[in-house]
Amino acid sequence: MVSETQQATVTRPQIRVQNAVKSFSGRVVVDIDDLMLGDQPIEGLIGPNGAGKTTLMRMIMHSTPLDSGTITLFNANGGGDVVISNLPTHWMAPHGLVKSNQVIMDFDNLTILDSMLLAVSTARYEKPYRIFDEPRLYADSVERMNEYMEYFDLGDPMRIAGSAGEKKLLDIIRCLLLEPKFLMLDEPTAGLPEEVTEKVVGLIRKLADEGTSVVIVEHDLNVIWNLCDEVHFMAEGSVVLHGSPEEIRQNSTVVEKYLGEGHV
Amino acid sequence: MSETNGTPMLEASGLRSGYHGVNVLKDISFEVGNEVFTVLGANGAGKTTLLATLARLIPSTAGSISFLGDDVTRIPAFETAARGMGYVPQERGVFPDLTVMENLTVGGMIGERSREERIEEVVELFPDLGNLGNQVAGTLSGGESRMVACGRALMQDPALLLLDEPTAGLSPLYVDMFFEKITEIHQDKGVGIILAEQNATKALEVADRVMVLSLGEAFAVMDAANLTTDQLKEGYRI
Amino acid sequence: MDLDFFSKSIVIGLTEHAPLILAAIGFALLYRLTGLINVAYSETITLGAYFGMWFNTTYDLNFYTVLLPAGIVAGLISVGTYFAVFRPAKKLNVGALEMIIISFGLSIVLRHALQFVFGYPVRFFEVPPPVSIRVLGVGVGAFRILAVASVAAVSLALYYFIQRTSFGLQIRALASDEDLAQASGIRPLFVTVLIWFIAGVAGGMAGAFYGVSSSVAPLLGWRQFLFIFLVVVVGGRKGLGGVIITGALTGIALAAMTLQFGQVLYAQLALIIAFVVLLKWRSKRSIETVKV
Amino acid sequence: MNLEWLDAFLISGLFSVVVIIGLALLLHLQLGLTRIANFGVVGFFGIGMYSFGVMFTKVDWPFGDLPAFLISLAFGTLVAGLSGLLVGWLIADLDEDGVLVGTLGFATVVFILATTEQDLTGGALGLGGLKFPYDVGTVKADEFLWLIIVSIVVSLIFLYVWWVHRTPYGRLLIATGGNEPLARSLGKATFRTKLWLFAVGSAGMGLIGALFGVMERFLAPENLGIDVTLAAMVALVIGGTARAWGAVIGGFLIFGFFDIIVQSYIPFPKEWYGQAIPNAKLIVEGLVLMGVLLFRPLGILGAMQRDKLMRRVHG
């Protein structure tokens, strides 16, 4: 864990969600007055079905447009504050905001190495006339890529990811290669073998220690209880509780929302 | 573990299924008789996947399903529907482009009894539907569209009704009403019910037997009365 | 611009472009149900024209007698293409993009194969010379009036079939949500075949109308395809009613611009540009949620 | 130059094969890598051809033929590129139906303009006055030289397309085609990528159109039929959409076979050449397109094989 003094010196990026509303065909799915994410290194976002967790993450990434409200990223790459609710999705990564995917997502024809090179490459390299940049791109990033490959024991990178678990892991690695300052993980461990899950968790901790803010949505609440410094509990579209994992776990509202009133 | 009364209506054994090569359900076996059988579990536990697999809308990767004595593991969804399985999916339970009355009529395309008679019965069960006949289902409120979805499935004269979180996101008034209706459907019409729910309290009130799903595995299958809060919390990992 | 211009545009637009509405209804059925953009639909139209002409000239039958047989043959061919090409393609899990290209290939095959059957020269229906009547001060061939009336009748019949009958309900249910329709006991194969047949009949009849009002040539359907497609893509969101209204407005707009510019091609040009810009504008306004 | 050994049919047959390969190569970038089905290939081809033709024949050039020729060529390429930019902007964020409407619509617009703007294009009558920028004696020699020049241009296009697979840009195109939302979430501006792709691809198609027009010498709207798009698509699909060599192999295989062997060397009855053979050729093209996409969607060469490529590049 990070010591108090260390934490004070690190300026963590934070996201503030204000008056954000999203409804689908008349039904309000997310309605948040004021929510600050990123106060603590690792925060969890939990809640019963239909609470709006995934929708909130997509709203932050702007792959779901907001009906109203603003979302601001403080301490973005470069230190400034950016109102991200007006920006298209592809501007999030350059600002240091990255999200992994809940469902398996991969590029059909790209090898593992390609996927990694795609993540580390920037628009500067990707012009139709910049046709001799591949060696430089590779040389610049080979060390970082090797680190991950060795850590996860990926084997030969010049092949297309096979199993669903491998694709899920590759999705997370792509996110990490983007060097996120604010990382959102949507069910990062679903479908991963146990030993890989542990490695991913270890890496998330390390990243958080180094100053990245992490927000996790996860159905396996054991992961949340073990990993998070703070937990946000969502129900019916808004965040109804914040607190340490212990506080949340013991809170009667949480039990009620999950199980129903009689079990409090 | 308790037994069903008499021969089971539906029997699943060693069931596995999921999406994109990830098995959400990991080896599930259970029997359902003419009863209210409740499937509890937190989000991500696999309740929706289980019901869609039983309705034959998601292919199972292993295991078998038998319904009313026949093996239905490989037959198409419209065939299981014709044999008496009614299915109300979680959110998209209505045809959004059709009117309420048309939604009900689609349900009434199978079965022998006269359609008018069945529509009358459904409207008797959900009186609100009587006034909504010509409204396009896509414009209904959440509670109304859930009633239409239920009504559509009941129009099929099902022997077994699969209900996937019929009360999720509804106001408490609707929730109470729906659970009353579930009891009514089971007791008055003799329809067996598989009810997937997250809200344990309400669901246990109407359930005969219960199965708790925990990350794709059956955690407990037992009489609803015997389930303890601690068992539930463990299943939900709270 | 005066009242005369408007009445002229409306009369000419509706009489000349009435078959567009009929063809668009058929295409819209296929498009909305299967999500398939069937480029070969243009050949269904062409074949309707050819078979109509063939029945008409071979058996010396009056145009209205051959209309339905021409439609039915086109409908059967349409069902044939479903079983020969599109159903296997779906079973082989062909992607949406490949599906369009396959239908494009089919379109080319049919278009040129029919020339081996019917010969290369342009053919004509044998119908009595038109008698002109005045409608709203515009001279129109009596035949055209009849054509508009019959297109309207057929369109309404189709509309009724889709909106009011039990088969029509099954079709719309399947189009609305395929999984739910199956869970409700609807047999997808039966309904799908029905759709292909009806779409083919509508296209074939439209082709016969196109053919009788000018000539019967291999490119007959292809020349109309872009406009049919545009009408359906732009108007199809609101169901068949939207297609019919958009089709009628397109016909009127084409006629009005033709009068204005004195050149039918300019009218087409303006309309294509307007429609594509409209699509662009609409896509800007409705940013869909993506699953990332 | 003694060219008696060379058959005039062979020159024109090879020329059309080379032109189709060029178009198919550019289509490979759009359809094969980025998964955009451009049905308006002939539109970009045509606008380049006509812009070049009009510029070259209608302007009173103060200097010699060659500079005028080159300037007109550049103009045709530029106009095609700009129209690609415009079409790309209109359709890059639409789905498959929008792309089909937009590209098909553009091809129709070009056809209409070629027909209506009689002062510039000669309308349906056609536009004459095009000629080679040189004269090496006989017509046959001129055409042969032009075949070589165009082959060189198409070879350069091939080299570029082949090389793009080895660049970050090519990787981005493949990623955009494979999973656009995912690419966007990795910070890729996919809309702009498609825009540039359309601009560059269309410019190339326009250039090929202009070069084709020179060989034709006489431009008419009949040159702008959908069969040009079909030809490029068939060549690409049969060879393999995912591989750079696909266009080359497919082009030689199907058009080499038809345009050279069948049309020139097999002694069919004379009367078949008018309509039966061209007609049969199109039927075969359509059947090939359907058959390949149904039963071997990746064509003769098959999948992209990035694994082997990456091993070669970084191994």
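Going by the order they are written in, the chains are A, B, C and D; count residues from 1 in each one.
Heads up, the rule we're going with is that a residue touches a chain if its C-beta (ideal position, glycine included) is under 8 Å from a C-beta of that chain, and two chains touch if they have at least 3 such contacts.
The shown structure was predicted, so the numbers you read here are calculated from the model rather than taken from an experiment.
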* Could you say which chain's mean Cα position falls nearest to the mean Cα position of the entire protein shown? => C
* **Pair of chains joined by more contacts [C-beta pairs], A-B or C-D** => C-D
* **Per Cα centroids, the chain farthest from chain D** => B
* To do: Return the distance between the CA-based centres of chain A and chain C, expressed in whole Å.
  => 49
* **Computed distance of Cα centres, chain B from chain A, in Å** => 34
* Structure fact -> Rounded to the nearest Å, the gap separating the Cα centres of chain B and chain D is 56
* Which positions in chain C touch two or more other chains at once? -> 290-292
* Asked: Which parts of chain A, given as residue numbers and ranges, touch two or more other chains?
  -> 61, 63, 89, 99, 101, 103, 105
* Structure fact -> Residues of chain D that touch at least two other chains are 181-182, 184-185
* To do: Using the touch rule from the top, collect the residues of chain A that touch chain D in their complex.
  => 61, 63, 88-94, 98-99, 101, 105-111, 113-114, 117-119, 121-123, 125-128, 130-134, 137-138, 157-160, 174, 178
* **chain D - residues contacting chain A, complex** => 160, 163-164, 166-169, 171-172, 174-175, 178-179, 181-190, 193, 196-197, 200, 242, 303-304, 306-307, 310-311, 313-315
* **chain D to chain C touching residues, read off their complex** => 31, 35, 37, 39, 89-91, 93-94, 96-98, 100-102, 104-105, 108-109, 112-113, 115-116, 181-182, 184-185, 226, 230, 233, 237, 275-276, 279-280, 282-283, 285-290, 293-295, 297
* Structure fact -> Listed in rising order, the residues of chain A that touch chain B in the complex are 25-27, 48-50, 103-104, 163-165, 187, 190-191, 219-222, 236, 249, 254-255, 258-263
* Within their complex, state which residues of chain B touch chain A. => 19-22, 42-45, 138-139, 141-142, 165, 168-169, 198-204, 215, 229, 232-233, 236-238
